[in-house]
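What follows is one structure encoded as structure tokens, with my remarks underneath.
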Amino acid sequence: MVLGAALLVLMTAMAAFAPWLFTTDPIQLNPIERLRPPGAEQWFGTDMFGRDIYSRTVYGARISLAVGLAAAVLSVAIGLAIGLLAGYVRLLDAILMRVMDGLMAIPGILLAIALISLSGASLGTVIIAITIPEIPRVVRLVRAIVLTIREEPYVEAAIAAGTRLPLILLRHVLPNTIAPLIVQATYVCGSAMLTEAILSFLGAGTPPEIPSWGNIMSEGRTYFQISPWIIFFPGVALALTVLGVNVLGDGLRDTLDPRIARKM
Amino acid sequence: MTRPSIRRVVRLLGAVAVALPLTLAIGHKAMAQSVLRVIPHADLKNIDPIWTTAYITRNHAYLVMDTLFAMDANLQPQPQMVDTWTVSDDKKTWTFVLRDGLKWHDGAPVTSQDCIASLKRWGARDGMGQQLMSVVDGFEAPDAKTIVMKLKEPYGLVLESIGKISSNVPFMMPKRLADTDPFKQIPEVIGSGPFKFSAKDWVPGSKVVYVKNEDYVPRKEPPSAAAGGKIAKVDRVEWHYIPDPSTAMNALINGEVDYYETPPPDLVPVLRAAPGVVVEILDPLGSQGMLRMNHLHPPFDNQKIRQAVLKTIDQEEYMRAAIGNPEFYRTCLSYYACGSPLETLAGTELTSDPSIEAAKKMLTEAGYDGTPVVILQMTDIPITNAASLVTAQRLRNAGFKVELQAMDWATVTSRRAVKEPPAKGGWNIFHTWWIGGDISNPVVHTGIGAGGDKAWFGWPKDDKLEQLRRDFARATDPAKQKELADAVQTRAIEIVTHGNFGTWFNPVAYRDNVSGLIKSPVQFFWNVEVKR
Amino acid sequence: MEQADGRGAMLRFIAHRLLATIPVVGVVALFVFLLLHLSPGDPATVIAGDYASPADVQRIRATLGLDDPLPIQFGNWVGRLLQGDLGISIFSNLPVSRLIGQRLEPTLLLALVTITLSVAVAVPLGVLAAWKSGTWIDRAVMIFAVVGFSVPVFVLGYILIFVFSLEFKWLPVQGYRSPADGLWPFLRHIILPAITLSAIYIALIARITRASVLEVLEEDYVRTARAKGQSEGKVLMFHALRNAAVPIVTVIGIGVALLIGGVVVTESVYNIPGLGRLVVDAILKRDYPIIQGLIMMFSMVYILVNLVIDILYTMLDPRIRY
């Protein structure tokens, strides 16, 4: 778990301090210097337009991390809200769960591509397109917890005592959701970063003006045999970050709630 | 209820897993015939060459259909399906006699009625065809082999029009198919070409199969571009569409295919180094890049600002970024295809010395107020993608405010048709390209038209330019035509119909046991042999 | 008497679940339809081509029925769906069902081979890790699993091609051969794509197997079996696996969605003419009928697979009742 946290911190630092890490403008074209292998001047080499891969990789961390974190936070927040509603309001439960089931049935990638074609490619739409398929799982998780908690004697006692619903949610339900939600968030984060890469690979990801690990690799795919560094460096960066996030998630899960550990 | 059930389920799944491949298999026996396996530049999405201008559909049609006239290597129209023809003294009546032995793939003979219907259908969609049809008074078919075309006035581009080499090509088809509404697709592929289309083998997105037409009667002359004898020397041509360039290249290197139509220029060194692979440029005219501005809205409704943009176009920069290897591009300022008869430098004083500094000055003088320029960046086509990035950078350096909007080809084709201001879904700049054959004269060159609303996307309007183009079409004397072509280019550059960002030549790659490839702006597969 | 009761309950259960899927399918249909018809990018302009005037585009739209009000278009589409008519592709003018039929085999076989490979590799790995829990073997397997989960599918694909096809030249670079043309060519062409695709699956299944087996190893009845003197191996095999089967099967079901996503990329890298590429091409070209038909189909598969799994649950573990 420490390893995971360390990797994550490293990547975040890289993203935050990008301009000070000896980078040059990541979108500056320089056709004369195209396809140079890694060397003294360009540490990670250059791509087909002469852009510096090192700078692009460092700046790319910002996008990939932004996508991952935003997707994680959003999916958990929205999923929590819907899950609570479904768990408590009987009427909405049936409808909401059917909708969630329907969403889950559509393969995430396809849904994401279709959503992005719907609203045009921009960082915002990519984040939304990646978040939406992740919501149903969170909803299920929250709903299951709400349903079990509801049956607990102390909750029934609270209701009998006249405690209002929001208070019950706050005091009894919420604390029980935090641990599993955090774990789920880390998995969503890793999955979102990978999905962003796949979307870019397929041509439906973040706009190419902003370098993200996904679209750097996608642009480099034609050149993988002659200039493999274009795919290699962002690929390693992405794999390390996702690895870090996943390991972190595992570690959190093991410490926060050993009960769930078994189920995963 | 537990373990026996598991066993049953497992057995059932096992049976399914074994039976499935056998029952679902699309059998495909290997045949002892000569086959040419090709990786085409795009996927064949539809099969009607009049309904769409897509180059891939044009290539497909060239295999299975034939034309009355065809362009030879000197861009001169030569008779193909036509045997002899005459023009009346007043130049208003053209009479064409078809060759003997021409048959459709379903066995019926080719008649003049079929050809007239085909010409009409083509004339309803194609730009050059529409121009021709506007001076046509009527057609007659005195007998099954004779076509008579009556014009309202003499027209200098009759043969060039019906022998047009690229989209839309006036292909001949049976009357029952040619009578299909030009805005609907023909229901089947029946032509009179050297190959037949195998409909049952077509897997859209993946594979197209053509089979040699044993009944085809080729001309006696040797092949020259699209003209001459079209002898099919292989029994089958198979198109295998492989979208990923690395995968395609490796398939060729491993001998899994025989011919790769558009290898990216950067991969050429790998191809050349591979044993048994030949890389060659077959297209003498190449392709020319076009930077298209929207004349309807600011800032490009101002001619001086358009001229400032022209001043930033450094073809070397664009080509370096888009193509890379100087072996495959050249800088050439002519708006007509470089290497074509009408190539000229007339009017290119504005574009011959690109300079960001000068452009900056022109911009200030023109009174640019900071209106953002919206560039539609077509990301799935490497050339236009690269060009968009170069344009964005150079315009920014010259003082423009630029907004790059990334989208795929399908979306660009919708957006560019929008005449609203950029803020409401319109655009200011997009990039595209034309093959040399499509821009060899002022009439076939769609981009050089200035008919305002009727013009191509960008909608430049200039009556003087249009008059010059009309005069060119009517001119029958070659010297006069050259003079008018020069005048058209000069005027076009002055009002900035578009910018030319460079000329490039796509190499093809093939295995060394393939021979007979024809040098031409369009790739043909007759005359090609494969030695196994 | 009991048997009949059991079967009756089972049938009622299946019928109940089937009915429950109908609204879900309806939701999917609505989503899919709305998604596409509200998107910018009009197939009519793409079809009309470069020389078309706005009037031409309008004519094409009318021909395609794109101008009818949305509820009518939806109604038409659903009506045809129910009759098994998936519509005609806008671009190639061929029936969608025929296009799907042509490309079903590669995707199906790839999926089957992948699942088989994944289970065959992951379950033993998971069992091994659980058995040697806490040792370096356990660590190694888990790290291997997490890595498999973290590397993007296409990067793995390119690495495999580079090593096995280009360097060692053992396997072909791309393409698909039907088993009807020979079992050996089929296997040669499918093995690299299957390995690429199974990486994530193996990671998931190995972890779940390990966790389930660990959990079960501590259950009472396992201790009883040990006490009775059955060997370690037998203990693991018969009891632990049986009960681990439920979560493993669950993961396979959930993984189907992941599989479809991975299939899309793998087919693209290895040039396999399957459904994955068909659907991505269709989405990028806005060929509505194909997109709608295929997403509906994929969703139905997912729903069906999970239904089968739910049924398998009740057979595998009589303690679970809905």
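Which chain is which? They are A, B and C, in the order written, and residues in each are numbered from 1.
One rule holds in what follows: a contact is a pair of C-beta atoms (placed from the backbone, for glycine too) under 8 Å apart; a residue touches a chain by one contact, two chains touch by 3 or more.
Keep in mind that this is a model prediction, so the values were computed, not measured.
Engineer: Report which of A-B and B-C is connected by more C-beta pairs in contact.
Structural biologist: Of A-B and B-C, it is B-C that has more C-beta pairs in contact.
Engineer: Farthest chain from chain B, comparing Cα centres?
Structural biologist: A
Engineer: Round to the nearest whole Å and give the separation of the Cα centres of chain A and chain C.
Structural biologist: 21
Engineer: With chain centres defined as C-alpha means, what is the inter-centre distance between chain A and chain B in Å?
Structural biologist: 42
Engineer: Express in whole angstrom the distance between the two chain centres, defined as the mean CA positions of chain B and chain C.
Structural biologist: So the centroids are 39 Å from each other.
Engineer: Would you pick out the residues of chain A that each touch at least 2 other chains?
Structural biologist: 117, 120, 203, 221, 224-225
Engineer: Please set out, as single numbers or ranges, the residues of chain B touching at least two other chains.
Structural biologist: In chain B, residues 244, 246, 250, 380, 408, 411 touch at least two other chains, as defined above.
Engineer: Return the residues of chain C touching two or more other chains; collapse runs of consecutive numbers into ranges.
Structural biologist: Within chain C, the residues that touch at least two other chains are 40-41, 158, 166, 268, 284, 286.
Engineer: Which of the residues in chain C come into contact with chain A in the complex?
Structural biologist: Interface residues on the chain C side: 23-28, 31-32, 35-36, 38-41, 146-147, 149-155, 158, 162, 166, 207-208, 211, 214-215, 247, 257-258, 260-261, 264-265, 268, 279-280, 283-284, 286, 291, 295, 298-300, 302-303.
Engineer: Which of the residues in chain A end up touching chain B in this complex?
Structural biologist: 28-29, 31-32, 34-35, 48-50, 117, 120-121, 203, 207-209, 221-226
Engineer: Quick one: in the complex, what on chain A touches chain C?
Structural biologist: 98-99, 101-110, 113-115, 117-120, 190, 194-195, 197-198, 201-204, 214, 217, 221, 224-225, 228, 231, 235, 238-239, 242-243, 246-247, 250, 261-264
Engineer: Going by the contact rule at the top, pick out the chain C residues touching chain B in the complex.
Structural biologist: By the definition above, chain C touches chain B via 6, 40-43, 45-51, 53-54, 56-57, 59-60, 63, 89, 91-94, 99, 102-105, 108-109, 112, 116, 158, 161, 165-166, 172-175, 178-181, 186, 245, 268-271, 273, 277-278, 281, 284-286, 312, 315-316, 318.
Engineer: In their shared complex, at which residues does chain B touch chain C?
Structural biologist: Interface residues on the chain B side: 1-2, 5-6, 9, 17, 20-22, 24-28, 30, 43, 45-47, 51-54, 125-127, 167-168, 183-185, 187, 202-207, 242-244, 246-248, 250-251, 254, 256, 380, 408, 410-411, 413-414, 417, 446, 454, 456.
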